[in-house]
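Shared between the two complexes below is chain A, which pairs with chain B and chain C, respectively.
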Partner chain A sequence: MEITPDHIIYWQSGFFKLNATLVFSWVTMLVLVFMAGWVTRHLAVGPDRISRWQHGVEIIVTAMRDQIGDASRQDARPFLPFIGTLFLFIATANIIEIIPGLMSPAASLSTTLALALCVFIAVPLFGIQSLGWGRYLQHYIEPTPVMLPFNLISELSRTIALAIRLFGNVMSTSLLVAILLSIVPLFFPVVMQAFGLLVGVIQAYVFAILAMVYIASGMRRQQAKTDAADATVASEGQA
Partner chain B sequence: MLIDWFTVIAQIINFLILLFLLHRFLYQPILKTIDQRQDQMQARWDAAEAEQVKAAAAAKEYHQAQRALEAQREQLLSQAQAEAAALRHQEVQQAQAELAHKRQQWATALAHEQHSLLTDLQAEFGAQMVAIVRRVLQDIANTDLEAQTVYAFQQKLRGLDDGQRRAIATAFADHPVTVQTSDDLSEASQAALCQTLRETHLLNGQAIHFERSPQLLCGIRLQNDAYDLAWSAEDYLQALEKTMRSAQSDSHSQGQSARS
Partner chain C sequence: MENLTELGWIGVISIMTAGLTISIGAIAPAIGEGLALARALGALAQQPDEANTITRTLFVGLALVESTAIYCFVVSMILIFANPFWNYFIEQAGGG
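What follows is the complex of A and B.
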């Protein structure tokens, strides 16, 4: 039994290879893009002409927007594409696992690491977009420049933890189902498969919320310091 | 090794592509639709609020108009009531005036009728009284009324004092005298009357002319152009009429006080 779909290789030419992770990722992407395009092809504005599919998609999008807003305490619109895509990709990848013959690409550490790296890159990008280069990079050397290595290690460890948490959960669920299937071949694996669906969606939610929290905490921490400094300057000016 | 770096890079690229595609085909259209719906609902809400404000203004205007109409109605009602009262007062006054006029007319007519009735009654009564007296005198005293009238007139003439006699004699002097009676006098009565006039020196040889005057009720009148001396039962009748009028007046005043 393969622990990760990376090891299922369909084609390889030197460094380039076509493994199950990439194939199932494309399947996931196709499903998502096809459904999105199909639902949004005829969108209705009037509340009395909305289709059930549009209702469902609007519920998902607005739920994600509300969750992002709650987690970030900011306007959710700039973060929705990134965080929403993380959630939908991981959730869909975990859901398609119930189809026989398909595996979740999230069960690959390469995939979760790739997603964690995306978060790792997105955190400074959103911070710089919000605060500017200087003010964002300043927090790496605070309270003293001595803290720079520790701050960098913190960022890296957070990214690695994010990747391994998702990989471990998804992989362990798949592995657990496989083991149970070999021990108790009837009935119980079905229950565990359903449980795996729930765990997969929860993991997608946790990953997306953690990513949002990382992005928002970086922005908010620097923003709080800036606001406090502005308030101090203002009070001194009044005095 | 669990990490395949080619797969990592490929997955990063896959994720970015998926991010772009979902942004293009999912988030953008869905959020745009939601925003449009929100704008539409906001527009409807604003329109509804504007309509509500308009409706409130219209309701206020309606209430004001209703109050104005109510005030106008009250004013018209009070004006109509005042006009009705004035008209009623005027009609009552007019009716009272008309009633007073009718009453006046009725009283005048009644007085006129009463006067004519009394006059007729007096004439009839006088005639009847004369006839009765004549018959009574004829039946009881075996004498006629004219003779008794002449006798009574003679007594009256003899009863005059000297001053009255002189004044009458002066008035009758040098003028013919006419003696009027209600009925023709007998020659004896005429002679007796002439005798008395001469004895009392009321006449001194003037011509005396006798004539009949039916209007003179049981009496004698001496007259010429300067003086008129008469005695008749008309005085009694006038006293009787006066008594009757007084009795009628008392009866009328008692009737009015009883009605009031």
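What follows is the complex of A and C.
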């Protein structure tokens, strides 16, 4: 029994293998690019002239911007392209799974590890951008230099945890549907697939929010004290 | 049970361990998630205005709690479908 799409190989030439994970990643990317191109072809302003598709996309983008702003407690604009892409990619990858014959590339550990590596690289990038080299690297030896290896391990382990969480969730859902399809009649697996749709979107949301939380924690470690002071002043001001 | 070879014993132990792993590994996160959900619902009932923050924090917390269950699931899947000892002993048997 195959538990990931990695084992389905469509084409092979020497070292290079074209497996189902790659093909369905490309399908996901094609769907996203095609949709983006098609929706943004006739952008309009004004209540009567906005198309339905533009409305839909605007709702998604606004919702993502608000969620990122809430999670990071700062301006969402620098993070929207990265976090939004992560969310849209994972959500689309999990949604195309309900089309028979297609599988979610997120059911393969290689895809989720690649996504988690993107987050792993993005955390120091955003951190250095906001704090500068010195103050960012300094947080690795906080509170004492003895903690250096543990800080490094925590950075690495949460990346791996991010990858395994998404992989495990998507793989377990698709495996569950496959097992149910083989032992019970059609109706119950259909219900499970609807459940899988929900799980897929929630996992995309969780992945994006966790990525945002990690990035924000990398940017804010030094500012924690001043933030707390600001919050106290602000709440006193409001009162 | 006399007919079981060494390979058979590895299979039996792997499957039993997989069952144990997922059963123990599912109980604790389930209790934890239940507690977290109960507290979050209580907080929602008291402060409906903070629904967004509470829901988001709940999801992130549930995801973190859930990951322990997911690790157990992955381990049991490895034990059943990709057992390293299984492959090693098949190689030994084939080679010897």
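In this text, the second predicted complex is superposed on the first by the 221 of 239 C-alpha atoms of A that agree within 3 Å, B and C clash if a C-alpha of one lies under 4 Å from a C-alpha of the other, contacts with A are read in each partner's own complex, and residues count from 1 in each chain.
Throughout what follows, contacts are C-beta pairs under 8 Å (C-beta built on N, C-alpha and C of every residue); 3 or more make two chains touch, one makes a residue touch a chain.
Remember, predicted model here, so these are calculated numbers, not experimental data.
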Touching partner for A:Ala36 - first (chain B), second (chain C), both, neither: first
Chain B versus chain C as contact partner of A:Asp70, first or second or both or neither: second
Residue contacts with chain A in the superposition, chain B compared against chain C: B
First (chain B), second (chain C), both or neither touched by A:Thr173: neither
First, second, both or neither for A:Pro81, with chain B first and chain C second: first
First (chain B), second (chain C), both or neither touched by A:Ser130: neither
Partner chain(s) touched by A:Ser104 [first = chain B, second = chain C, both, neither]: neither
Touching partner for A:Thr159 - first (chain B), second (chain C), both, neither: neither
Contacts of A:Asn19 with chain B and chain C, given as first, second, both or neither: first
Chain B and chain C footprints on chain A, overlapping residues: 3, 167
Touching residues on chain C, where the partner in the complex is chain A: 52-53, 56, 59-60, 63, 66-67, 70-71, 73-74, 77, 81-82
Residues of chain A defined as touching chain C within the complex: 1, 3, 67, 70-71, 161, 164-165, 167-169, 171-172, 175, 202, 205-206, 209-210, 213
Touching residues (chain side chain A, partner chain B) in the complex: 3-4, 6, 15-17, 19, 21-22, 25-26, 29, 32-33, 36-37, 39-40, 43-47, 54, 57-58, 61-62, 65, 77, 80-82, 84-85, 88-89, 105, 108-111, 113-115, 117-118, 167
Complex contacts: residues of chain B adjacent to chain A: 2-12, 14-19, 21-23, 25-27, 29-31, 33-34, 36-37, 40
